[in-house]
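Next up: some structures, all given as structure tokens.
Each of the next two complexes has subunit A plus one more chain, namely subunit B in the first and subunit C in the second.
And then the complex of A and B:
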């Protein structure tokens, strides 16, 4: 009866010391289990696969208009529109085919570090130094002031580093310099779930592609990538982690690469990995064989964000040189 | 008293999380790698950035009208 009325009381035999011992032995067991599975490297399995033949990827479009570093971009599901956000405080929606700027929003803060296109194509979300993530419905009326219909959805206690709609326009997932990720209801602005586990700023998040969409991964300044049910810290290497083997299976790096990679994305089949670097280049890696296939030049400053289009026919890059490029 | 309670509940949470991670089913890298490879090779034909697409069907590669500066 005494134990039930005081929920923080010790269970029998439990103490900080015994719990610490248990956690240490569990950590050791986990390391051993993972090591047992490391029977081969990915590139060894891929030895007999033919090398990727020469790629003919070049810049096909340059999107100019931002006045300062472009920090983030996202594709619309229609595979032609993009949204981008910049240190200049602006968020621009572009038609990637014609280069037309369809919408522009001026945010109340500079350093808009995150932006995302809603699955319906009817709204965009963005935020940064304002510690919030706001949703702007996109109006067909060119004269309408988008800022008037703005809806503040997410509130963090530090900068917003990433945002993504889940499977619908109704829920928004955010990551923040406050060390947390959070899931929000767009309509009411209510916090649905918050994710604590990082011990430093969370810089990036990405949802697993699936109809039910209930897993996402986040990366942070604590050098951890966490996989969850429901500002770029740059690493010189890119690593492939297989969830089923529960370990790293490949590392993509070269001694000649001394600048960090800020952003990565896979081509449609998963064979190519596009990585944007702080030395202004984009490296294309063979995911299976581990070698670098080519280096793409064009940007005149750090590459902050890389994303392959929804049908894989092109990829876009955003840069501190104030432009975006579409490559195909 | 409060700090002991919070370290205790933190430790409990850590142990619970570690038990969860220890119970995850794992496969060998050789199996995971061969499945990754199979997926890449099976989908290679649809990957426009890898193999290109028949002329004219990639909208970003289509020629656009140029303005004379």
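And then the complex of A and C:
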């Protein structure tokens, strides 16, 4: 006797409905499984932890020099240099400690939305509306024109929203408005790996601080964070997701904060969360207890990027007010 | 005043949940509370020197710094404005402010054209009142616009004239209020030079805007002779029903997620607490660093110390937290390697380090490096033979035939686990490590303390 097989003559409308039901019920089951393990809230467990005593964080350096909104910045591994990029097409390398501008490059496009410092400290990468990510070796010769040595590495079909060197100066990870992330070989410009998982623009990416350096996260306009990320674009709250719990574990928000956060970073111990907002302020949150510890004023327009320095001694903020500030 | 009527205005009636709209809605909630008849801010007509100032509230209503900051932002977005200043801020003094009419609220997504601005400025010059005189920057703008729109200036002039006529017919007090509200609208969209332009949009957002139609209407009902869609405003695609393939993908995705191992929140929370507790002494924001934080003290001794070959006690202590701490500190790696070499068991670590290095090379160098690593550590008769489980060995043998950056991934993971449970714990218990941990800080040599005789 012939085995019973799935009827292949189903109307396509019916099979779609069956599939949709299956998908929906699996999703529901996942939510139930997750809920079963939600036995306590993070801030409840954190009640036994000592309060963070009042922090006296102040601006310690103001970096002026950009002519228009500063959109992105990145620290050098030497803990004092940084690179920043602006709407006016300029990319500047600073010694944050002495306020010295060490290099400046003019890009052929405006809105340079992404920039990154190479681990060796010998190059920077940047890009934006040109849909590319280019690497500029930093010359010790002040007279040398950096633009002459420029190397186009990444090519996307829409704006570049983020870039980061992964292990070394040789690999560059990029995210784009074309909905993809990609890993490139810097020397040859070859595409090593492509990551398709978002259904809309990818707005940001960040590397997980794992030893093997194999993981990264990307956040997109499709409201999905692939792997683990904060969602800075569509919501006015910052959210913490834990991979092991497979869920959101904390939300950082206040009624008086009505503007969205654009960028976040953790302090070295992970106890503090620094978040830059579109209302020109930076809020410092207690990651465990969930309360806001301080609000920092100083910038005169939106804060576009916030990053803690490699040894955690300070954090830098970039703003649409054309300046960068270093806080400690 | 009625709550916001902005959402459905001029659109297809569907509420827009874009990030800007979320913010506008929240500001409008505040406005509604401020304007509440019972509990809101008192609005009154104030008698000034020669006349009355209708419908104002005093800036002295807010106390905290944060309230002042929020208020300034709401003013900058044009929800209320100082009656005697183009600069949109909120001050905690006797200045008077007026609420903006909902017609001009930012949630209506105005993007007024320069033709509108030209009509407005032109109209102002027709009204012979001292309070309506153009400011310098407005006069400059008008001159520029006259040059730009030279060909159609007659049309603009006529519009301005028509509006001025209508305005004259209005009640004097009503005119005062409407004029000020109109001026405040232009202060938002054509701000005083030097002020923040709150209508500026992040280019990433503007290239995603879904409803181009509602953003291009004229404030004064003028016909726009420019194209109605900006090149950056691409219309959103119609929401599609998922295909069979997409649904299959979704099902697979949910199944993978369900198969994931997950931990109880309580366990995760304890883990987070333990981590932050362990690292709190290394966090300069929470534990004052020693030597001092260079950003605060302007003394970068701490960075010089870290760059030197002598690891401080605090740094050495950290290596005991876990194998990752040793592996990510160059001096940690060096000491670990030195210890293993003294035991003639360094091949595992050397293999692990070689594979890490491989992943950092340009792709051109990868094939030859893979061969070198294979020969040194895994081939039969290899000089630094390592022991991997048979499964990883078989897989690696295959990978090496078509060498890529991840050829040794399985083997590396196996070796990592081995090191973690075996060589790493021996290292931490070793006298070499304990000595480093006990090492006293080098005494700083000051010439003043040198007691040598001359």
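Heads up, the rule we're going with is that the second predicted complex is superposed on the first by the 297 of 328 C-alpha atoms of A that agree within 3 Å, B and C clash if a C-alpha of one lies under 4 Å from a C-alpha of the other, contacts with A are read in each partner's own complex, and residues count from 1 in each chain.
Quick note on the criterion: a residue touches a chain if its C-beta (ideal position, glycine included) is under 8 Å from a C-beta of that chain, and two chains touch if they have at least 3 such contacts.
Computed from a prediction, not measured in an experiment: that's the story for all the values here.
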item	value
Overlay on subunit A: subunit C relative to subunit B, clash or fit	clash
First, second, both or neither for A:72, with subunit B first and subunit C second	neither
Touched partner set for A:60, first subunit B, second subunit C, both or neither	both
Partner chain in contact with A:186 - subunit B first, subunit C second, else both or neither	second
Subunit B versus subunit C as contact partner of A:320, first or second or both or neither	second
Touching partner for A:129 - first (subunit B), second (subunit C), both, neither	second
Partner chain in contact with A:118 - subunit B first, subunit C second, else both or neither	neither
First (subunit B), second (subunit C), both or neither touched by A:267	both
Subunit B versus subunit C as contact partner of A:171, first or second or both or neither	second
Contact breadth on subunit A, by residue count: subunit C or subunit B	C
Which superposed partner A:249 touches (first subunit B, second subunit C, both, neither)	both
Overlap of the subunit B and subunit C footprints on subunit A, listed as residue numbers	16, 19-20, 22-23, 26-27, 29-30, 33-34, 37-42, 45-46, 49, 52, 55, 57, 60-61, 80, 97, 242, 244-247, 249, 267-272, 287-288, 311-314, 326, 328
Residues of subunit A touching subunit C in the complex	12, 15-16, 19-20, 22-23, 26-27, 29-30, 33-34, 37-42, 45-46, 49, 52, 55, 57, 60-61, 78-80, 97, 111, 113, 129, 159, 161, 167-168, 170-171, 177, 185-188, 190, 192, 200-201, 203, 211-213, 221, 233-236, 242, 244-247, 249, 256, 258-260, 267-272, 278-281, 287-288, 295, 297, 300-301, 311-314, 320-321, 326, 328
Contact footprint of subunit B on subunit A as seen in their complex	8, 10, 16, 19-20, 22-23, 26-27, 29-30, 33-34, 37-42, 45-46, 49, 52, 55-57, 60-61, 80, 96-97, 242, 244-247, 249, 267-272, 287-288, 308, 311-315, 326-328
Touch list for subunit C against partner subunit A, complex	19, 22-23, 26-27, 30, 65-67, 69-70, 73, 196, 200, 203-205, 207-208, 241-242, 244, 247-248, 250-251, 254-255, 257-258, 260, 262-273, 275-280, 282-286, 289, 293-296, 300, 302-303, 306, 324, 327-328, 356, 359-364, 405, 412
Parts of subunit B lying in touch with subunit A, wherever the complex brings them together	4-5, 7-9, 11-12, 14-15, 18-19, 21-22, 24, 26-37, 39-44, 46-50, 52-53, 58-61
